[in-house]
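Here it is, the structure in full.
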Amino acid sequence: MAYRFKHIEKIVGVFLTLVILIVVTLVILIGRERRWFEKQFEYSTEFWRGEGLNPGLVVSIKGIQIGEVKSVFLNEENWIEVRFSVYEEYSERIRKDSVAKLRSPLIGSKVLEIIPGGKDQLPLENGSYIWSEDMDEGIRILKQKAKEEKPDQLTRILQNVEALTENLSDTEGNLEQSLAKLRELLDMLSSKDGSFAKTLASIDRITGSIEDKEGSIGKLLYDNYELYDGIISIMKKLDTIMSDIQTLSGTIAETSPEIKAAIEQANMTMDEATGLIRTLQQNFFVRGFSSRKDDVVVPLENAEREGGYSEGGGFGR
Amino acid sequence: MAGYFGTVGQWVLAKAAGLLDFCAYNALVLRSLFHKRRGGLESSLSVLFKQVFFTGVQALPVIALVALALGAISIVQSLTQLPKFGGEAFIGKILITVIVRELGPILTGFIVIGRSGTAITTEIGNMVVQHEIEALEAMGIDPVRYLVIPRVFGVTASLVALNIYFDIFALVGGFLVSKTVLLTSFTIFLREIVSSMVVADIAVSLLKGFIFGILVSVICTFRGFSVKLSSTEVPQMASKAVVGSITALFIADGIITFIYYF
Amino acid sequence: MNDPAVELKDVSLAFGNEPILTSISIRIPKGALVAITGPSGCGKSTLLKISAGLLHPDSGTVTIEGVDIFNVSRSTLYELRKSFAFVFQDGALISNLTLYNNLALPIRYHYRLSDEEIEKRVRAVLDDFGLYTERRLMPAQLSIGQRKLASFARGIIMEPRLIFVDEPVSGIDAITTQRMVGKLLPLRDDNKVTMVMVSHNLDFIKSSADYIALIYQNKLFAYGTRDDILKSEDPILQGILSIIVDEQAIVAEEVLEILSESPF
């Protein structure tokens, strides 16, 4: 009996110990997944509005999660104070000139995007305060960074999409204005007394006066003809692009369910347009218009979002 | 007419009296649970070990079988059906909710009721009939302390443990079974499960095991003690214990789920 | 006699409308062996259970060593019962424990002793009762007589001051009866131990009891010393005694013959 009893005890002991082990392993696995055992750095920032901001929100740099929002509350100055944690491995990226931004992806909840600080700046200590896009200092840093850094393809597209969705939700927003401006530009390009026509006319005159002569100028001229043809084709392209945009905006107004595809198309179009305008800008023949190009493109590319963007809110109208 | 209402009234009164008895019994169990007493621990401990052995260890094969079947079915279904309408993201969450949170505890509870609940009622009922309870009383051994407390602990510990085994068998074993049909890699599946599992899932599973264990053991021992004189009462009480335990399990499950999502 | 071990006052019990015991009062003196007897179905065993506090009477009080056992907390009652033994008619061993563990159970429960210490005590008692070879058997594997002996042994192991015995010598074979009696009588002679015994084996009672309580028709018909009762001239009393028949009386008689020659 004594033996059998001990035997049972052993089996029961193994049975229960295994359970404890399994539970502990599971908890550790989950904890590792949730990064419980790593040192977390905490920072805080303030936003003007708090829609969609809640604890658990992903904090990211360029779309990679680096932490999560811990708490959100309205402080005495009626700003939304946000405290968030950053994983140890990414804590060095939070520097003096880091700025917190709220990004709204098309699908899913908002993301607290951190614009990492410059390498020359000092890393911020645990518990520090960082600027947000809603503060003057934040805006200044953002603008400065926009000048310094040439945005890569993805950022630009993302910025475009963001600006675009923002604009689309607002009929009197930037897109309409931009389209109007583009149309103005096109009008100007095609009108007979526009500077483009004048340029063409002067080119005509120059070529006329040069035509009978031979030599190096003639060669240059042939080159110039090539250039000229290039410009013409570019202009044609631009024209079709613009009409694309016009039909697109019409489609958007009509059909909201296909908005995703439409936006992608619009984005591609916008991208092409930007590229084209860049090419034009580099061409010395159209340099005269380059100052206007800023008016057209800048509000689209670097448009700061005003107020919250509510998903689909503007589309259903 | 009066006779009909009289019958209903008697039925209600009988039920109320039964419930009152049950409450008094619960109070008794609670009291002996918190009653300090030297000695007695070892004899109760050996009963506890035996209870865990019978309720927990010996139930493992059945639990494994049920868990494998359920796990394989739900894994195959969710891995093949969910992607059809873009639900891949919810595979882990759904499996965990179905297996760890809901069906695991309930099915484990049912198996324990069927195997050990009836055994406890029958055993205690027979002990009453054979005057063994009286013998314990006469020796100054508190039957609640000697018989009930270790069974409550044993069944509860077993149910909690079986719950965890069920989850493991269902998720890991179930996946291995479904591997014959599916091509998903094990590591990807495991990562998916772990990343969509939160501690609350484990906590709910453990809590359900704990509460179900207490309910099953208390109801079944109560029914055992409800046997008064003859051995023909024993099977009657056993079936009452099963029905009562299952009802209690469903009510408790509903309440826990309600409280969690409230 | 001033300080009774057990005192029953006005104890009554009825199952429904059928009275089992009516207003019974008995004082059981310390160190004595009181035999409760009466015809079959007169409520002897019920009275014994009430005396030990195992059964609640409808009315009346039971006092053991000055404690009113139906008006104390359960824990006090259990503490008190540590020094009781109750030998059941059918043994009432715990059926899922071996004989050894049945005996070890009360020690384990009440005292914190090492396994060796427990083993020593259990072994001593089992040896004494001639059951040591059966120590690994389950109760169901034992004969009725062995179960009864074991039940007695289980009581003895706690070194009780008060022993309740229900039908010690009925339904068992001669050798077991001999063993049983051989254990009972020394305890009777021990002044520290009080015994209350239910039996309808008059011969055994005649040879062992100090006092006899005669129950008849739910009432305590007569209570007195053995000689008082047995030598009473009362025809009704003698009539009642004559109808108390033990089925095993013949066996017991044989045993008692052997016993009368033995030194105890």
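Each chain gets a letter, A, B and C, in the order it is written, and its residues are counted from 1.
As a convention for this text, contacts are C-beta pairs under 8 Å (C-beta built on N, C-alpha and C of every residue); 3 or more make two chains touch, one makes a residue touch a chain.
Given the structure is predicted, the values throughout are model-derived calculations rather than measurements.
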Between B-C and A-B, more contacting C-beta pairs sit at B-C
If we define chain centres by averaging CA atoms, which chain lands farthest from subunit B? Would you check? A
Just curious, how far off is subunit C from subunit A if you go by their C-alpha centres, in Å? 95
Distance from the CA centroid of subunit B to that of subunit C, rounded to the nearest Å? 42
Rounded to the nearest whole Å, what is the centre-to-centre distance of subunit A and subunit B, using the mean of the C-alpha atoms as each centre? 54
What parts of subunit C, by residue number, touch at least two of the other chains? none
Residues of subunit A touching 2+ other chains? none
Please output the residues of subunit C touching subunit B within their complex, sorted ascending. 49, 52-54, 74-75, 77-82, 84-86, 88, 90, 92-96, 105-106, 108-112, 151, 154-155, 158, 164
Report the residues of subunit B in contact with subunit A in the complex, numbered from low to high. 46, 49-50, 52-53, 56-57, 60, 157, 160-161, 164-165, 168, 194-195, 197-199, 202, 206
Subunit A residues touching subunit B in their complex are 5, 8-9, 11-12, 15-16, 19, 22-23, 26-27, 29-31, 33
Quick check on the complex: what are the subunit B residues that touch subunit C? 35, 37-40, 42-44, 123, 126-127, 130-132, 134-142, 146
